[in-house]
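In structure tokens below, several structures.
After this come two complexes, each holding subunit A, first together with subunit B and then together with subunit C.
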Partner chain A sequence: MAKSKPQAVTPSQTWWLLAAALSALLPLTPHVPYWLSALALTLLGGRAVLNRTQRRLPARFWLILLTFAGSAGVLAQFRTLFGQNPGVALLVLFLALKPLETRTRRDGLAVIFLCYFLVLAQFFFAQSIATAAMTVATIVAVTAALGSLADGRARPADLLRRSGLMLLQAAPFMLLLFVLFPRVQGPLWGLPRDAFSALTGLSDSMAPGSISNLSQSDAIAFRAKFSETPPRDLLYWRGPVLTEFDGRTWRPEGRLALPRLAYAPQGPLIEYEVTLEAHAKRWLFALELPGNLPSDSLMTGDYQLLARTPVTTRLRYSVTSHTAMAAGREESSAVLQRALALPGDFNPRTRALGQGWRDQDKTDEAVLEAATRFFLTQGLSYSLTPPLLGRHGVDEFLFESRQGFCEHFSGAFVFALRAAGLPARVVTGYQGGETNPFDGYFTVRQYDAHAWAEVWLKDRGWTRIDPTALSVPSRISQNLAAAVPAGSPLPLLTRADLAWLRELRLRFDAVANTWNQWVIGYNPERQREFLNRLGMRAPDWRQMTATLAVLAGLVLLGLTAWALRQRRRVDAAQRAWLRLGRRLGRRGLPRTPWEAPLAYADRIAVRFPESAAEIRAISALYGRVRYGNLDPVLLDELKTRIARFQP
Partner chain B sequence: MRLTAAVQERFIRWALRVHPPEPAPVVLTQRRVYVLPTRAGIGYAASLVVMLLGAMNYNLSLGYALTFLLAGLGVTAILHTFRNLAYISLAPGRTEPVFAGDSARFTLLLHNMRSDERRQIRLHLAGGMPATAEMVDVAARSSAAVRLGVAATERGWLALPRVTLDTIWPLGLIRAWAYAAPDARCLVYPRPANATVPPPPASGGRSGGAANMPAGSEDFLALRGHQLADPPRHVAWKTAARLGADAPLMTKQYADPAAETVWLDWDALPAAMPAEERLSWLTRWVLDAHAAGLSWGLRLPGAQLAPAGGEVQLHACLRRLALHGKE
Partner chain C sequence: MLSPKSPKRLEHVVGATGSVILGKEGQIRLALACLLAKGHLLIEDLPGVGKTTLAHALAQLLGLSFQRIQFTSDMLPADIIGVSVFDRDSGAFRFHPGPVFTHVVLADEVNRATPKTQSALLEAMEERQVTAEGQTRPLPEPFFVIATQNPSTQIGTYPLPESQLDRFLMRIELGYPDRAAERELLAGVDRREVLAGLQPCLSPEELLTHQKAVRAVQVAEPLIDYVQALVAQTRESPDWQVGLSPRAALALLAASRAWAWLEGRDHVLPDDVQAVLPGVACHRLHAAGESAARLTPTEVATRLIEAVPIP
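And then the complex of A and B:
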């Protein structure tokens, strides 16, 4: 259809393209290598100078050279050109280079489309409300630039206004499509390995310092929605179970995971729904011990819930828990053997301590009792900044520094019990959390990360013992802040003296959670659930598409009516004039259809001499309004004068 | 190729919805405005598909939102582009006559009854090159005049070819277009014969009106540059003799043009001459007579214009020549 030859871009269109490119590039600068950001901004600046001075664009040779040099840089940085991060870096490079060879409108369109792609790329790094707001500004600017390509003479303010208006009108379509477009659970093809490299959370091993690092972060680990929040001392969110110890680091056993529970649940039932933040690992968190498997999950022999694939997006699952621990009474000897293993010549004093307990008391319960008593009376204190420990870390903690974080407590406890011949293992996860009063969601943050111990007793199976709770009960009964000495560097949210900040943060969290639940977390399941609530029974893609079509059609109809609303106003003058005729008709002086306005006015003037001047003025005004350029001010004047005309 | 051209022609005739030419003003109602994506629009849609796949693969909820917002923008663009053209009204304006071989300039008045400006409306004529298209903005509740050039090849009435109005405003993704055939025509005078044609024969029967005039009654007014059609009797031979052979000839002008009356006669031309050529010669003579400030009469088969001078006579004669045998 478009059969014109390529049109050159004008300087003002080039300014628009540069502004669009800048607005798309700036938000990405923290996420691409710094040299690339600098290069991109320099290239755009260079193009701006060329545009200002109206000098010729560089020869193709230089652009090819820059493209290869930039790509080589990306390759050197990421060791590959494929994948999410190198892909974004390459797009940034291309968007910075493209304006330097943009001569025609068609090139300009390529710049615009690249800008839209880079807006999408921003969502790889963040999908918060702030990101969304920032992208809206970018989209308005890019769309205005697209408009400038079609209308080179338009004023910038008009382009921005038009772009804003059109996007506003596009919003209802976006809303409908967002809610009703049948969602597909990704990924459609394999994700690159670097897709989720920037996530924090528990790691799958525990060494001194690994959990206390997390205690500085108030990032949210997951949220739970309870019908009734259980007491705090039951809030043990089970995560990785660590059995193997090499003298310094605790690691999980490689256990087979099966799609069924590894025990018969007992005790009171708690039902809740967890919204887990992406952490790029497979484990799911649930209160000890889970009573069912959430969909698409497995359970290991040491009672860890695992997703089938790493949790790379926010994940929602329903789960139940039974707070009475009753599992593993008939544990295999191989498992117990591994739960007793101690590495060679580490921590001789603790080994001796354990041996001593065993020598004194023959029963497991008595040994456990002795261990518990030891932890209660040893005068251990809780610290976010424990001193560095050497080769015999457990010995140094228990007998010298006596300061530690939960990983020290649990590690030492399990070590001592193993030395006493009791099978034990470390369990990591989260403990506690708090209810956000603004939306009722129970929120667990990274600083709630915790480690405790699990002991196997012949009659009771695996039993939870929290050595931290023994030594520092306030860590469990209250929170982290209550457990550490005053003046420790704490995350802001745990500090009691900043109540207003806390409240602000909780409010913000509630909003962010709503956003996460309903916008970011709007996946196939939530879509089904939401449409169900709206009254669609068993919504499938056919029903969704049909509803979508009908509703989008209605919106389109409304907008079309807006688009074509017009013209009636042109004849407003005539309507006013006819009204005057009808009114005077009731007084015996009707307007005849063939009568020209001036002639009619003359007739009125003869009949009502005292109003002659006014009616002549009105009829002259009518002529101007009706047959001249339509001026709304004059039209209004005409209407009021006709309404007021009472001869 | 010929088939698609025929199909296209049929579509256009159907799309016009009325038999051309249409009485003025031509209002482009919504049923006459068509929309299709431009190449840029197709590229835009393709980009959106890629973005949707990306959003699906990476489970980017905001990616979905972005794609859907841009899809909505595309739909809105259809409406805005459509609205930019719909209900514009089109009336032919004054068109000056031209000579065959020149370009007829048709004036069209676009009237915008809406209180929003209409921007970037492009007009071009059927068969015209796109390069000749005119771009125009029409301010709110006002009119704009557009001139469209058509090559005038033949004398007589030249009807305005079918006009295509189109616009890709505001985003360039969608093209809206409409056809109109307003009732406008341009009078095309015959192409004047070469300036080297001999002057009308003064001896042509009763034609040499000047011969009846007493020679002394002419009041000499001034000298002006000689034109080939000037009667030889008016050449200032004395001046020429004084200035030498290389100097241009001068023509004497007389104060009373009516004194110099010529008859330009169809039959004065050689009998073997074809009609169009005769008209061409007569046109040249009429122009020259007017330029010389003469008074002249025109005699055509079945028509005669009494001798007179000036613009009115000029255009009356040219019109008669243009329409000779065509009415």
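And then the complex of A and C:
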């Protein structure tokens, strides 16, 4: 057999290939080194110029040189050629170089497949709805380019339409595979980069300003799904507990290995599911205090809920809480000792104040009562922009500026209690949140970050006191915006005067959340839950694969039926004629679809001369029945003669 | 109404014409089908392959009056349709009918005349009547124009534009005779003598009856589907520069009916459509692509036929 000459790529096909390469490369440019993006775009641009002027492609030598130089650059940048980022960088380089040696259709196909591969690489870096939409657009373009390789004369609009139609036809399969393909735990290809982008959030220390900074962010900290949302004043989402104070900054207890103390559940049980945004720390948030812990988590001695590893991807967990619990009545003296420690030489006036309470009232409850009364009556106000405080920060806040944010309130309250000899510590976390009316998820944002105090009483254990709530009740009963003076810079979502924008944002959040819950977060548990709901009890991978195969077959059947619907119903005469064609096809004389009846009969007559008269008669009869007046008698005769025809 | 047996007489016409134009039975049948479908015929070929003889033979065998117009570059419309001359005796203008007032017109080398003269003939073909000096005069029935055209690559010609080509139901090429036919031509008697000796097989009235019968040939739904599929293919596929018009589809159907009638059938088969397709479709179609210009009409038709499954 003669070897056929490879088919050359036409200029219009080259334009398509360049467009496909560009659409696959552009979304990746922010994620590869700048020099590489510039190089890739320059190479594509150069190829475009060559295509326009129809000049010769560069010699192989230059391409090899460029390949090695680019690879060396990638090596220098990443110190390795292996791994996710260098790998993507190399593919970007190759995709930009490949069009420069694309002469034949085969080369064109290589470009196309490289494009398809790089489309997937986008998901290394982000998995949002926008990313998915962009990949779909890219795939339409790349598939259109593939179409142009197959049909060089088609118009661009037709190619795009065809490509879109093909993707639409593939959509049911995609959906089936997505839902039914057995899932593995965790992301398939490592961590998407956007897992680390949401790094705003609570830190493990608290200094004046650290939480008020968060008040400017309406980024979502986590979402919760309650069966019934608890009242607002119970919504204390416990985060890091800060015991150590150096005069300016509060830090967690770091030195003592705290044993977890038993606590007796009290009050109603709240069940809910939390979807925590990645924050690169180990804390999990739960309402005070958690009852049943989520899997793969532990609780510290100061009742912080921690994941075993830092939360670098969006994490979903189920947890229960009892909002009234007596915890830590048997607290060890070492812990209490540390909860009383005060750094020397700081805040003499507050120390004196606390000392005064203790001198006046002997019982702890009475001291606490005095402290509470002080915070109620001191005339402290809430401010997002409190004045800067000096060395004696607590003194200045309580007696001079009297303006502060929750970190001032909680820090000062704990300081004063310690001065009065009551063990106390700062608890940070989130307070409040709101229900998104569009999807029913309870949403807690960064501006809901809060700090409160916890005081240890002999017969009640650790007890929550929120000094902010004492001085500025509206912060707890309503929200941040209600607590600060009018005109403070507030995140858009908390402002009442931009209702439409707020609604838009909430809608968007609801859509993004659905995406996160059901597409990104479609893990084995979700899959099991979903399939259960569809009526598959305890599906294992075999059952899923079988279902997948059956359903894929059904979808295929459906699509085929849809395609066949266009075709006219085959009538009886034609069925008989087609049957004859198939039968003779097995003897090497198949009827071609465009072959007219008499012409086919002639061909058969040549091959089987002894049956020539009969086949000519049959074909004439078929012509009469199908194209002349339909006579039922003739139809029967046709059927019989075709059935009997055995050359 | 004629029975399907009647075309036997037409077979005689085909056979007798074949005795004059040797080895060209296919083209003779197409020409006769064109006449039966009340269309006009364009023969495109080199001089001397028998175009005139074919026209002459057909006219004689069908008992029709025949006029030949040799087109030249200095010809005027009046040379075709006629002119009014002042008659001194009656003191009035009298119309002298031109050569177009006949049953069969052989418009020889139609592409040598200027477009204006060409269009005078083409209008007569379309309207089947002539309007001169404000008076409309019908042309005789049946009226059949066989125009011949030298391939337009030759010097000194005005090729017919697409819109004019569309007025011809069919365009055929005669081509060189094969060796055996040419030998017979060279060795045998003078064709002009044979031509002169031809006796009419049909009367003009009989021809009109046949034309009427052709229009009654049955076209079934599946066949219309097929014609539509063919036409749709030319419109949708990138293989063609311009698709076939509805008029072309009608022409295809009319020619197929005539062909089926010639074949002795009262219904049209896809075979008939495929048989007339090269003649009907090829002068209305332009294949796209680099190699298109070199395709012969048969190749063009084959390309179209093989692209469309028979429904």
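Methods note: the second predicted complex is superposed on the first by the 383 of 647 C-alpha atoms of A that agree within 3 Å, B and C clash if a C-alpha of one lies under 4 Å from a C-alpha of the other, contacts with A are read in each partner's own complex, and residues count from 1 in each chain.
The working rule: contacts are C-beta pairs under 8 Å (C-beta built on N, C-alpha and C of every residue); 3 or more make two chains touch, one makes a residue touch a chain.
These numbers come from a predicted model, not from an experiment.
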item: Which partner reaches more residues of subunit A (counting touched residues only), subunit B or subunit C; value: B
item: Partner chain in contact with A:L177 - subunit B first, subunit C second, else both or neither; value: first
item: Partner chain(s) touched by A:A154 [first = subunit B, second = subunit C, both, neither]; value: both
item: Partner chain in contact with A:W541 - subunit B first, subunit C second, else both or neither; value: neither
item: Which superposed partner A:W594 touches (first subunit B, second subunit C, both, neither); value: second
item: Which of subunit B and subunit C A:F608 touches, first, second, both or neither; value: neither
item: Which superposed partner A:Y627 touches (first subunit B, second subunit C, both, neither); value: second
item: Footprint overlap on subunit A, comparing subunit B with subunit C; value: 151, 153-154, 629
item: Residues on subunit B engaged by subunit A in the complex (per definition of touch); value: 30, 36, 38-40, 43-44, 47, 50-51, 53-73, 75-77, 79-80, 82-83, 86-87, 113-115, 119-120, 130, 133, 137, 141-142, 168-173, 175
item: In the complex with subunit B, residue positions of subunit A that touch it; value: 1-4, 84, 105-106, 109, 113, 116-117, 119-120, 123-124, 127, 131-132, 135, 139, 143, 146-147, 149-151, 153-154, 162, 166-167, 169-174, 177-178, 181, 183-189, 191, 195, 312-313, 519-523, 556, 559-560, 563-564, 566-567, 569-570, 629-632
item: Subunit A to subunit C touching residues, read off their complex; value: 151, 153-155, 568, 571, 574, 592-599, 623-624, 626-629
item: Parts of subunit C lying in touch with subunit A, wherever the complex brings them together; value: 218-220, 222-223, 225, 238-239, 265-271, 273-274, 288-289, 305-311
